[in-house]
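In this document, chain identifiers A, B and C correspond to the written order of the chains, with residue numbering beginning at 1 in each.
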Amino acid sequence: MSEKTRQGNFFEDFRVGQTIAHATPRTITEGDVALYTALTGSRFALTSADTFAHSLSFPRSPVDNLLAFNVVFGKTVPDISLNAIANLGYATGRFGHRVYPGDTLTADSTVIGLKENRDGKTGIVYVRSCGVNQRGQIALDYCRWVMVRKRDPASPAPDTVIPELHDAVAASDLVIPAGIRLEDYDTTLSGSADLWDDYRVGERIDHVDGMTIEESEHMMATRLYQNTARVHFNQHAEKEGRFGRRIVYGG
Amino acid sequence: MSEKTRQGNFFEDFRVGQTIAHATPRTITEGDVALYTALTGSRFALTSADTFAHSLSFPRSPVDNLLAFNVVFGKTVPDISLNAIANLGYATGRFGHRVYPGDTLTADSTVIGLKENRDGKTGIVYVRSCGVNQRGQIALDYCRWVMVRKRDPASPAPDTVIPELHDAVAASDLVIPAGIRLEDYDTTLSGSADLWDDYRVGERIDHVDGMTIEESEHMMATRLYQNTARVHFNQHAEKEGRFGRRIVYGG
Amino acid sequence: MSEKTRQGNFFEDFRVGQTIAHATPRTITEGDVALYTALTGSRFALTSADTFAHSLSFPRSPVDNLLAFNVVFGKTVPDISLNAIANLGYATGRFGHRVYPGDTLTADSTVIGLKENRDGKTGIVYVRSCGVNQRGQIALDYCRWVMVRKRDPASPAPDTVIPELHDAVAASDLVIPAGIRLEDYDTTLSGSADLWDDYRVGERIDHVDGMTIEESEHMMATRLYQNTARVHFNQHAEKEGRFGRRIVYGG
């Protein structure tokens, strides 16, 4: 059998400080946006209507931030988490330049921490991943840690490096879209009269009504994001796996 | 628990003559059109090919009227029928200005009739709903009546007003696209040699071949239309409901 | 019952040399491309990103050849294979002019062979099908043979004509995109370091990881291609059929 099959990286393949440029640049289109709406039911006025975007001084509707996140995340999978056992956490995620249909996103990840687990078979990889548009502007970045298998349990453990991750992004580090105007923000069209000063710390909101997720829906979403993690796709393999079924990709 | 959860309107919240501007303006895109094709299998030459549209003097393929209808209908749901028990009927529906990709639709509804049911727990709400493009031109309008729950059975019944609804739209009230040319209409490309004068009143046509609808398909369509009616989405809740399963949105 | 129901062609309706212009011209859009990605998980850099296409001197990302093939194939179905029992084979398929979003494809098929089967109830139809863009340039062509039912087993057999089909398309008949530049081809962005001279005749490559196909996925794809073959859509009819279930369209 040929050796062309890509097995992905294992824990011992990562080095602190290493930067990995991920494959498959992706031009985001109105088609991606329509699928995102059909798969999530998103109803943000800003991302649904160019007219609403114009009223806030945007040139047109930007792409939902979470669509951009999922596309960038998908690019990291073949290099970072193809051999992952568990996606453990995220920190200091931040959205930068708005993404518009027609923009092309590429992504890279820098290894910022490594810690082998006591079982000697797995370790935790910490990365900072970044999505960039065709002009080199940052669309989003975030830190993520994930438990990854070792190829060979006998390979030596690396020095443990655990990155310092802040509990929150400082307000001064958030990116406010340049030129945004909020004077004409229309709460009838947005569908909610609740504005910033109507929310209280600790308030609990019941987001009424659930949605049952079908297999085809999570697989279409995951493929749209070009995420190749095998656990989401193969019922015949996964029925023998830890959970007995495919795992819904949760971002 | 916070009071931000939107419960929708109940029967006693409606007043004859009231006009409700619905939320979430929506720019229709080529992505929506592709999904509409993938979900319905539509094969109208006019909406499938710009070249065919040009041959009839349209600037490009317009959006299928029923896609526009479903998008407008979806906007009415959070205000009109979130507490509906049954969608009862439509009358005098009419398509106006063609909708093209890039157009933005908004919608409003005027209450034209109210009738409380004898059980004292529900009533019928009659509305005239209208979808308008970004230039204020009417894309479509229609009357609809729907049975809606009362919040409080003890609340008094409103005066009964039943609107006069015509059996058909008068031919003189139909909107013919300005400038349309039919001289070059190509029945080979359209896929049917049957034209207006080939149809007879009372003729029955067997639309051969059925389609089985999967849960994910009707949910993707319903979300694409940003229709929030809960009965379409939550299998865990609906299995305890009247029908024991999710209801396919039927327009 | 009206006679407007389209039954499709049966074996005895075909004549060698006959050319059939197929219905429903189709403008390919970014929406179709997004759905193709969501349904297949395609990750070709050339079709995923305009920036990558620019680096090879394409004006923008072309549409995946197989999306174009499936759209053209779909147009042939109502005329060629609505009464097919089995799709038997393809030969000498060739992609010509690149297809870009905004291009409109039409298709025709020429009957190049006929052979009645011994059972007297079916026969094999050989066609050469061709997809053409709005400028009359060939996007793709291919030969296909398919077993089709006879309407009337008593109808006489046609003269047998079996076309000569080459085992392969000669390299000199392949279409190389004009102006393509490969100097800047980026194997990091493409996701594979393997280039032409890395492949050996006879090499076997394990395309790791399977995908379970859901009913809604193959039906959405088939409808996107406007393919009307009934065996893909109706579970209630197909459960009584040869296979007891819907058949996944496989191109």
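Just so we're on the same page, a residue touches a chain if its C-beta (ideal position, glycine included) is under 8 Å from a C-beta of that chain, and two chains touch if they have at least 3 such contacts.
Everything quoted here is computed from the prediction, not taken from an experiment.
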Worksheet, complete the sentence: The C-alpha superposition of chain A onto chain B, two copies of one sequence, needs a rotation in degrees (nearest 5) of 120
Discussion item. Suppose you list every residue number at the chain B-chain C interface; are over half of them used by both chains (same) or under half (different)?
Written reply: different
Worksheet item: With chain centres defined as C-alpha means, what is the inter-centre distance between chain B and chain C in Å?
Response: 35
Practice prompt. Return the residues of chain A touching two or more other chains; collapse runs of consecutive numbers into ranges.
Written response: 29-32, 34-35, 214-216
Worksheet item: Which residues, counting only chain C, touch chain B once they are in their complex?
Response: 1-2, 4-7, 21, 23-27, 29-32, 34-35, 78, 101-102, 104, 106, 134, 214-216, 219-221, 223-224, 226, 228, 230, 233-237, 246
Discussion item. List the residues on chain C that touch chain A in their complex, please.
Written reply: 29-35, 37-41, 43, 45, 48-52, 61, 188-192, 194, 198, 203-212, 214-217
